[in-house]
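You will see two complexes here that share subunit A, one where it goes with subunit B and one where it goes with subunit C.
Let's look at the complex of A and B:
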């Protein structure tokens, strides 16, 4: 009996113990479920950091992020972007009737060949592409066919809203979004990895102005092509760059090789008299000549089998400014002889004319110059023959001449800083003198057609015969003009070039730089200056006259009938 | 109302005594399980070369069996439950031994026994049966100190654990150990022994870390994700993030395309991705509800056997759910464990059905049981 009571009390005690301990166990369980709930909440709501951390290797369980960043101009205008599209593929093992499927697909996608599609669908493989990048409507139509085995892969397609306007600069990609040319190629990795748009230095408005002006002159003078560059002299930023004929990067595959050729960076040309800018600058910098120096230009120079003559001979002694103003080859060659081969080569090297440019484009031509720099080479190089550089080389070097003498690397990517570090090539004084000479050419010399009233354009014409198969062709010209404005405090270098322009009645049969390219610069300057807040000036104001005055007695007076 | 209180038929009595709230929660879990099996398994079936609807068909074939099993077992009396459990437990020991001898080896482990075209995982059945047997032995020991219930129970536990670890199936061994220790704890295990068992359990895990290389590698990867391939768990975490609050919609998920066990071990990730946070939280709540409600009913029990058996069965049910969800959410190292009623898996479904059937049977209101709340 007492045993039984003892059992009963043990039993009661055991139940009490179990009850208390069950409370502990139950609480632990409840806590564990609570933790699971909190973690769920955390993952579903606060998942931002997880996203970023894993973003790199992400393809499943999340909509794919855009693979390539946008490219925009200096004002944020879209130049290249990516559109999400669907690409159609098939699992031929699941296609019951290849012929019928092909037939129905052709009705939606008429650009496909029915035979090719039917063959692919009947191939028995497990995966065949049918067409990349369908429009949403096409995708809808294909879906509506309801054919099993046709499936879509989400893809991106690169789109260039401005088409051919910036085709040579922006470039294009292949169907797998790998850059094949232009910025798309040279900065492929950066664009593919970037989260924010890549901002270029170009201004699409200036690009349009430059292209329109060039196209007009090319048509007028029946040229086979042309090109132009607008460069910021302080930052080295390319504000516009056009090469014609051009191509539409949205359909780069159909573009011919000649249209994809960028004359401004990949083409190298003997640019002729525009090189006299460097010859004069070197002479003034090294001190071999001053504005007062005079040279005998009465008769052509004969060296070995070569004859150096002037386009329109003055047959007299000329001062240094007059040699520039009338673009005298004889005078320039004599100045070059005074400079000497070594100094000429050294300074052209400092100006970046003997090496690759720093521009962010894969399409770049290397300068061509004599391996052995003889006296005859020195003389011809002084007026731009016997040396071939790309127009970008020239533009960049001219900017260095006029901006106070500092060569800054040319770039297509926008800078945050106003100016960039550069290399001092000429003194500020030489630069100032060169600006006066450049203005002289536009005011009273060969470049009067470039004079955009009020914007104080300075510049130099260049007309060179093209070398074809080793000999110069008399009627195949590279006519160019390089302008700088406003000459009192330069902001931009504007270069324009026409490839094989033909003389017309209006130009009295001439196809020289002054007739063909200078009007392009005039048009571009007049139209772009307001966009950059550059107001027209009174050119007759005393302080401006003072800034561009040449203090030298003319040898023959400011005659202005020279054409080259 | 199908039955009046005055109805004294077996069915009528069952309806008025069974815990209808738990029954409803179980039905809801089964419904989610059916939905997720349909959503997740075709991708898995296709990947391993089976008919797309292979798993769906099997799941829907077994579901009525499981429902019938729950209902039938829940109509039993506690004594019938105990007798069935003891007999079934002995059967399971035989099956476990047979598994080791004749089992199918998959990925280096022998866990499956093929009987008449069905593959059977005896471990899923031994878990609930052993919980009831252990409850009986512990309660007898408490009633009569002269009965060596604890000793017998410990011996049985050692036998079961040895058979499970030999497969090897460490996850199930952890669950069985956890249940057994919880029951021992409730049955009045002295506190110094509780402490000792905790130390033993921890050293057991540490020991397996150093002796079993696949365990070591999983734990390494949990502690330092860079030390190895964490592909599955990363995809799982992504799935929850991608699902957000409302999910991508049933069938719209991506994670099932890449996770080999999307229909079983990672089914909760599919739920999170396709159904979203709110439904996932609702599923967690259903599990918690069944466990906590059952435990609260057990607390008002006057019968120690019932209290221990119900607690053991619910701890097993809850632990399995927590381990599965915890793995998917990277709260604990990845451990292959089915989510009761939600994961695909025949043996798991039937085993859990038996366990909850017994729970419902034991928590039914009985005259004089004190469970009158």
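Let's look at the complex of A and C:
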């Protein structure tokens, strides 16, 4: 019995042990399941933030960030953009048949040499460049070959769809997308950071018109270069600006320094008779002369070693409008003497002609003028010699003369507001009188070639001899014309300039502003006016005759001699 | 033995599990779809970007001008061809045709009797404005330029070294 009891007790003990072990194991499992359960519950019910974060990361694709924003013209036409390009490289170890691969690549990229490519592919290295910067189409073609081992690296490249048409304005960048010239340089930070395109004030259509008209005249008169500006007189916006010869910013590296030179902002020139606009305006503003004032232009003025004479001397007393109409240097110099050096300098300063312009371009020329403003300087500056400014300086100042007397900073970036704040330089009355004088020049004076019928162009010619090594060169001219239209209520100033035009048979050997630059202005005005909704006017209508009447000597208006 | 409550709970648990799996698969599928759509959008955006550049390139004014000259019988509008409403002759009231349109001011050319047309005062000279002749020195645009696409230009651009890069080929 004891034997059995012993057996029983042993058996019972074993069962007890097993039970305990089971209990421990079961508890551990239960605890583990409990932990998993709690975690599941937590994930499913309480972990909202994680879900939201996940959802947010799954948003609609954000636009691929570009290194630089686009640049567009005033109508949104793309002038500069960044395109993704791909550079082709290969892992030669994965290339099964180098010769065949090379042959097929050459068909897509004909500028590569088949031998070189085959050699590179057979080199056994792990990485070789085949070609940097493929066009999207080339990339597609290479992809379509489906050859393993050919791969691409993404890069960005600045592209200028309109090429040379806006080259000087837009500028260009280097391979690392850093602006090197033009707007690309001056507004580099703004372009690099922006998401929206930078909108310029220029109109690519007007740009084309201006360039084409200039190119025609440059070819005709065998000039070495030229340029033009179209400026909105109310806002100071540059609508077009061309400097020829120009360059293609897509291949700026190969462009010569002379083509990259912007004659309109970086070049400073003695512009000649166009400066008489300011001389007359100052005289009328300060009251030293009126339309009825007369000056003795019978003989040249001799001061020290200089002689101031007229291009086509009238050899008579001239009224103030006649001096302007016939572009008399003698008369202008005498008016300037009446104005005096101080007032002349003061007003030229107010017109912004003695300081840097406000244009958003890094290429800017500083005006050159005498440090000591003597009497002789006052006299020569009255007709645009002895002072050199950039054409943009001049255009901007002319806008101030005709728009009611307010100088507004010239800009290349489109304004939101229609007009900008400016500085009142001349009175509205002076401005009105100057408009009549400018119209007189085009109707009966030296600027008749600028008369775009119906658009009431007013303007002034300028012909200046270039200074070479300190002396004036007789046959190297800067011929220019600055026009304003419609003269009754000016909208635009149009400036055109030719550098060293040569006289031709058609112009009777003349290469003056009236023969070379005025037709450019005529062409630009006639072609751009419809684009801006400017309707032609009937020039014979009484109210218009009244608005441009000079009310001076009856002899005015009958003379039609072509003079400088 | 299984009590009814347990049975219901088990069925519910199974249903919940099944639904969970179903939803999980659906989400995964939608995820894939979204990723695909995002890729497509990005590709399309890039393509639009390239096309915009190409559009701008193809709309170069010089190119359009040459194409117009070649294919259309159109010329730029000259000032002489533009007139305001004031320059349009007004037909005297009693000469208005009774059968035509009687809306004041609307007179179709066909409805005006020849006599009335002859009598109508002319504000402008009778001779039509002379067609402006193209005497401008047109820029020479060669044929190759017109059929050139942005891709061709890019190819040229991208093969030319820029100002600061020594060369494209490495």
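In this text, the second predicted complex is superposed on the first by the 430 of 564 C-alpha atoms of A that agree within 3 Å, B and C clash if a C-alpha of one lies under 4 Å from a C-alpha of the other, contacts with A are read in each partner's own complex, and residues count from 1 in each chain.
The definition used in the following text is that a contact is a pair of C-beta atoms (placed from the backbone, for glycine too) under 8 Å apart; a residue touches a chain by one contact, two chains touch by 3 or more.
Remember, it's a predicted structure, so these values are computed and weren't measured experimentally.
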Broader residue contact with subunit A after superposition on the shared chain, subunit B or subunit C: C
Partner chain in contact with A:83 - subunit B first, subunit C second, else both or neither: second
Touching partner for A:22 - first (subunit B), second (subunit C), both, neither: first
Partner chain in contact with A:39 - subunit B first, subunit C second, else both or neither: first
Subunit B versus subunit C as contact partner of A:11, first or second or both or neither: first
Touching partner for A:204 - first (subunit B), second (subunit C), both, neither: second
Touching partner for A:428 - first (subunit B), second (subunit C), both, neither: neither
First (subunit B), second (subunit C), both or neither touched by A:30: first
Footprint overlap on subunit A, comparing subunit B with subunit C: 58, 60-61
Subunit A residues touching subunit B - in the complex, by the definition given at the top: 7, 10-11, 14-15, 17-19, 21-23, 25-26, 29-30, 32-33, 35-37, 39-41, 43-45, 47, 50-51, 54, 58, 60-62
Subunit C partner contacts - residues on subunit A that touch it in the complex: 58, 60-61, 63-64, 77-79, 81, 83-85, 111, 129, 131-138, 157, 159, 161-163, 165, 172, 174-176, 180, 204-205, 207-209, 212-213, 215-216, 219-220, 250-254, 452-455, 523, 526-527, 529-530, 535-536
Subunit A-facing residues of subunit C, complex: 31, 34, 37-39, 41-42, 45-46, 49-50, 52-57, 59-62, 65, 76-80, 82, 84, 136-139, 150-151, 153-165, 168-170
Residues on subunit B engaged by subunit A in the complex (per definition of touch): 139, 142-145, 182, 185-188, 234-235, 237-245, 253-255, 257-258, 272-273, 276-277, 280-281, 284-285, 287-288, 291-292, 295-296, 298-299, 301-302, 304, 307-308, 311, 315, 318, 322, 325-326, 329, 331
